[in-house]
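Structure record follows, encoded as structure tokens.
In this document, chain identifiers A, B, C, D and E correspond to the written order of the chains, with residue numbering beginning at 1 in each.
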Amino acid sequence: MDWSALALSLELAAWTTAILMPIGVLIGRTLARRQFVAKSLVEALIALPLVLPPTVLGFYLLVVFSGTSPLGQIYEMLIGRPLVFSFQGLLLASLIFNLPFAVQPVQRAFESLPGDIREAAWCCGMSSWRTFRSIEFPLVWTGVLSAMVLTFAHTLGEFGVVLMVGGNIPGETQTIAISIYDRVQALQDQQAALMSAILLVFSFATISLIYIINNRRRSRREY
Amino acid sequence: MDWSALALSLELAAWTTAILMPIGVLIGRTLARRQFVAKSLVEALIALPLVLPPTVLGFYLLVVFSGTSPLGQIYEMLIGRPLVFSFQGLLLASLIFNLPFAVQPVQRAFESLPGDIREAAWCCGMSSWRTFRSIEFPLVWTGVLSAMVLTFAHTLGEFGVVLMVGGNIPGETQTIAISIYDRVQALQDQQAALMSAILLVFSFATISLIYIINNRRRSRREY
Amino acid sequence: MNTNNTGGLHVHLEQATPIYLDAQFHCATGELIVLVGPSGSGKSTILRCIAGLTIPKQGLVRFNETAWLDTDLGIHLAPQKRSVGMVFQHYALFPHLSALDNITVVLGETSRVHREERARELLELVNLQGLESRRPEELSGGQQQRVALARSLARDPDVLLLDEPFSAVDQITRRKLQLELARLRQQLKMPIVLVTHDLDEACILADRMCVLHHGRSLQAGAPADVTSRPDSDLVARLVGLTNLFDGEVIDHKSEPKITLLCWANHTLECRHRPEIRPGQPVSWIIPPQQVILHRRDRPSRGERENPVHGVIRDFVVLGGDVSITMFVEDNPDLPLSLTLSSHVAYRNHLGMGEHITVSLLAHGIHLMPQR
Amino acid sequence: MNTNNTGGLHVHLEQATPIYLDAQFHCATGELIVLVGPSGSGKSTILRCIAGLTIPKQGLVRFNETAWLDTDLGIHLAPQKRSVGMVFQHYALFPHLSALDNITVVLGETSRVHREERARELLELVNLQGLESRRPEELSGGQQQRVALARSLARDPDVLLLDEPFSAVDQITRRKLQLELARLRQQLKMPIVLVTHDLDEACILADRMCVLHHGRSLQAGAPADVTSRPDSDLVARLVGLTNLFDGEVIDHKSEPKITLLCWANHTLECRHRPEIRPGQPVSWIIPPQQVILHRRDRPSRGERENPVHGVIRDFVVLGGDVSITMFVEDNPDLPLSLTLSSHVAYRNHLGMGEHITVSLLAHGIHLMPQR
Amino acid sequence: AADSPIVAAASSLNPALNEVRQIFEAETGQAIRLSFGSSGNIARQIIRGAPFELFLSADERYVRTLVDRALTIDRGALYAIGRLVLFVPNGSPVRADREMRDLERAVADGSLKRLAIANPEHAPYGRAARQLLEARGLWDRLGQKLVMGENISQTTQFAATGSVDAAILSHSMALSPAMSRRGRFVVLPEKWHDPMRHRMVLLRDASQIAVAFYSFLRAPAATQILERYGFSKPGAIP
């Protein structure tokens, strides 16, 4: 079993989820509240990372991140090391291809919030931030949870983009998904099965734990 | 440009979306309404297809679908041709790995339906089916839409599972994602870019059209 | 749990948790029963039990010959099968449908044209013509409530359950709707259960009134009876009666038939209640209208009866009436209310702090034995 | 759009769409103004404009020296900055928070203990002790409404906006809350705008009353003035006055000062209104309490004034009062209402179909020139 | 070790190269990290700046691309020659023979339903398989009976799961322990396709250890291991 790859995957998934959550809430909330002409187009744009095959998306991201592109050059200038084939590069790619999962459920949750509840908060003198923190966020929480679970699971399983942008470097960019993939490629079925089983059991435990806690909370408070 | 692969992809995505929609609504509704002990576990289980690398998931599906497995044998007996390397096999695989996208947003939408609206429908003598059709479904529609868009887009872009279960047979199981991937692998960058561009433009147009229609409808009716 | 009543709606509910219930009443076909009781006394819960939305631990709900609910026999009909029309306290309109469609959607499988026609009729009934295409959130509170009322009538229900159906509309509209309801009742001959906090409304509309408190039905009867002859001081308070005092029966006389009551150093003559034995502590009430002012300009009839002195401590003009509260013998624990026409008050130069004498008409005094 | 009023809340709103508004009123510090008007007349919309939740096309909302809204100057303060306490018509409680937390969450940044203490105080004020930990959906309608009321007071607002805040509670609780409100008003010295459909409530609580119709403010003034001297027949109807008729002024007399009115073959003596020129068609009203029965048992004062004959067509006992409708000269187009104590009705043997004579007290007749 | 050199290699080398690495590390005490992928992907990643020091390609052409771009130290060296086999899973209606006569028969009489090869568009073993089938006159007759794996490992999995009736695989894959129970194979003659030359090349920033490993791979200790895994020793061709 390749524990370092599992650790790396979890680290990546955790970071991705943690960073995407506020981004998803921000974008989802904006899309739910605002009406603007190009809104449908923005919504469609957000779904696009799903449409390309991951390896192909990875290839284009590789082009965009690499030292020959402006983005890559700026990054290298600021941070002092290349973006591609680094954990940071993986993370950035991961953020991009998980965007649809992070935004959509949150947007829907915000859309189904009754308007008068926010208005009531304002009339009670609650600032926008307090309204968000104490009223809106708890009420859209299940949507955020969906977004988080989808993002987390999808990051664990993704390997096309990761392989391309990260380069399968053990201990640095080799995730558990790639590691299992390597085993399958090498016809090491038993090792692959073992690793898959561990990954599945682990993910199952994590996700069901999240749901159990959430369902507890809701059966206590119904929200 | 490989038009037949694009057509095949669209067919697959359309079928997947069409079949998964009722399934997602059924499962999502049940999970939203019912409280049972193992609910959190079922919810976690549904997210699991995301956790395995697609190729690996595809490998296990290949094992399960192949002529040496009971499922594959039963299918071959009933239908007269093997399940693997056929469109039907692809579709089945596609249904499995898109399940999380089809269920989660719908479940959340059902959860945010106020209970008294259903009760009102019952007290008006509306049957469960009529209540569902005329009241519940229109109200969870945006959730269903999210589910459909995610499923549709993800099916277009997926190639790990599809390649494994489908075997890349032109005209039968070679989707546009595989076709683009092959071009990238063969270092045919221009062709790959062209095909990617067409796929992206096409998907963007389709999805934004869906959203435009939906947003129109909602700005008229707010739902 | 059995009953011999047949016809109409019979309700008997009991449970300890989560909401205490111990309520029983009957509503005959064509009858309108009004449930009154303080906020939180279980009125909405009882309507929900009748509609089948809540299942009590123990209970029987029977309509005509059919048991809708019988926990003993394990019968529990689905809400759809109960043919009730219900106005929810918070309306529960379908938010995605126009006012018109809120109604057409519940009309059976007749043709679209037919359904629309009927829906328009119903909206007209509740004075909403012109607003057919508005969605609930584009309607004012009272307009929403009227859509809910129209919807409850759409399926031609066997039983009508109305949870404060006029609370959000102005008095003119309310009067019109009350008239419509009275008309419908005559026409449709169904049991109607109405929840209201407006006791005037209750008195105008109801054949029977059922008083609830903490989930328990305390008294049921004709509104005039309940409000003039409550069973207990609690019921008296719940139906909003003022002039509620404690006293003690001291004797009964037979010529004329009166009962004598000891109260605050007075001996009052009361309506004859021979069944209350002397020495029994009682609560008693007198309606403000049965408290007669001794006029300065000229004596009026009834001044012999139970004269009481006091000082005016509250003087409120309400329309053409004046509502006066006096402290009997200057005692703030004995506030006594009376109402007068404002012209009478004016001609007698009444005002805050004036000393007055009133008579408590004997036949207006109602005694309630204390437990 | 300018105003010289200083102090208190000044409101002036105008727009044509989507909801027609042409309303203007002022509410001084410590004053309570009540908005009345039929369902859909724009009462909630006006409150929303004051709170800053809706922005009218043209408008001015000023509190003391501060402009909250001035469309001419482009001023539009955010709702959070307006320091209003608002009870929404549909409560708008926070569904995920307990009754207590619905209040603590809006209390500023003081310590948790402090906030809880204050929240408990407020819940006690509205009689909800013991229900602190219930979430809104576990509360009855009236209990929810009271949480909303408590919440609106939590931030010690400068202006209180109450949209039918007592509509879902029983009369006893309502009376208690009305008293609390009256007390708070004295104590806190803020302008209060109250929407209610209960005219009694309006008369008891309000310093001023503003009558709305289709978004337009028709008349504002002391409730007693508005209900006894409405500007027009429309206002009379809107504040629920009966006994509304048409007639024509024929002359004015100077000794005694009275105006003569021609109505249905009668010539009525009315309160002097010299500014109405003879020949002018008018609407007129008389309160039911100013219609005096000619008793059979003995004559009463005022029987000289405007005697009118008719037949009783409606006889409703309400508590200790009787409300009688008679058709003047048997004409069903001229229904005249009067109220009597039930004992008077009883002693005069009144009942359906009886012929009676009444006097219309001259000083009770109010004339309204027609436009 | 986090900063030990990274050697990028074609996926098909996976078990073999790991064994070579272990011996190398045991002999020299120097650590090496292996990163597997498709040769095409690795080439692209090198072009985009991947921190690889040595590239073992399954296909000479990718090495040439890098040489043309001056990303390498030299033109590299051959380290193995690949061989094709015809693999027939248990229970297949086809028998394995060197001349592929039974395969021809099965194609002709329709008893062969599926034949798996690697994708000839980009997988080196796929290209060779196509040349082979063309040489035998089978290519045009197979049509939709051809199932194409992404690379040679996936093609092998098609055969391993019994989803196809026959497969053209690399000798190395067919030799892997997982396959021995699943069917039988014959090594096919080299004359029907271009030689599959596996070339490796040191990249510009290669460290001493990478150079040492490069040399080690050409030493008998390494070539013997590779041969055991089905990779023939390159001849005199440089």
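Keep in mind that, in the parts below, a contact is a pair of C-beta atoms (placed from the backbone, for glycine too) under 8 Å apart; a residue touches a chain by one contact, two chains touch by 3 or more.
This is a predicted model, so every value here is computed, not measured.
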Please report the minimal path length, in steps, between subunit A and subunit E on the chain touch graph. 1
Chains in simultaneous contact with subunit A and subunit D: none
Call it same or different for subunit A and subunit B: same when shared residue numbers make up over half of all numbers used at their interface. same
Dominant interface by pair count is A-B
Taking each chain's centre as the mean of its Cα atoms, which chain lies farthest from subunit C? E
As a test of understanding: of all chains, whose mean C-alpha position lies farthest from that of subunit D? E
What is the distance in Å between the mean C-alpha positions of subunit C and subunit D? 23
Can you check how far apart subunit B and subunit E are, centre to centre, with Cα atoms defining each centre and the answer in Å? 36
Euclidean distance of C-alpha centroids - subunit B vs subunit D, Å: 59
Quick one: subunit A and subunit B, Cα centre-to-centre, how many Å? 19
What residues in subunit B touch two or more of the other chains? 55, 59, 181, 184
Expected list for subunit D, residues touching two or more other chains, is 90
Of all residues in subunit E, the ones touching two or more other chains: 41, 44, 154, 157
Which of line, ring, star, complete or other matches the graph of chains that touch? other
All pairs of touching chains, each written as two labels joined by a dash: A-B, A-D, A-E, B-C, B-E, C-D
Can you list the subunit A residues touching subunit E in their complex? 55, 59, 62-63, 65-68, 82, 84-85, 163-164, 167-172, 174, 182, 184-189
Which positions of subunit D touch subunit A when the two form their complex? 51-53, 78-80, 82-86, 88, 90, 92-96, 105-106, 135, 137, 151-152, 154-155, 157
Contact set on subunit E toward subunit B in their complex: 38, 40-41, 43-44, 65, 113-114, 116, 119, 121-123, 144, 146-150, 154, 157-158, 161-163
Please give the residue numbers of subunit A that touch subunit D in the complex, ascending. 114, 116-117, 119-128, 134-135, 138-139, 221-223
What part of subunit E is in contact with subunit A in the complex they form? 2, 6, 8, 11, 14-15, 33-37, 41, 44-45, 48-52, 151, 153-154, 156-157, 160, 173, 176, 178-179
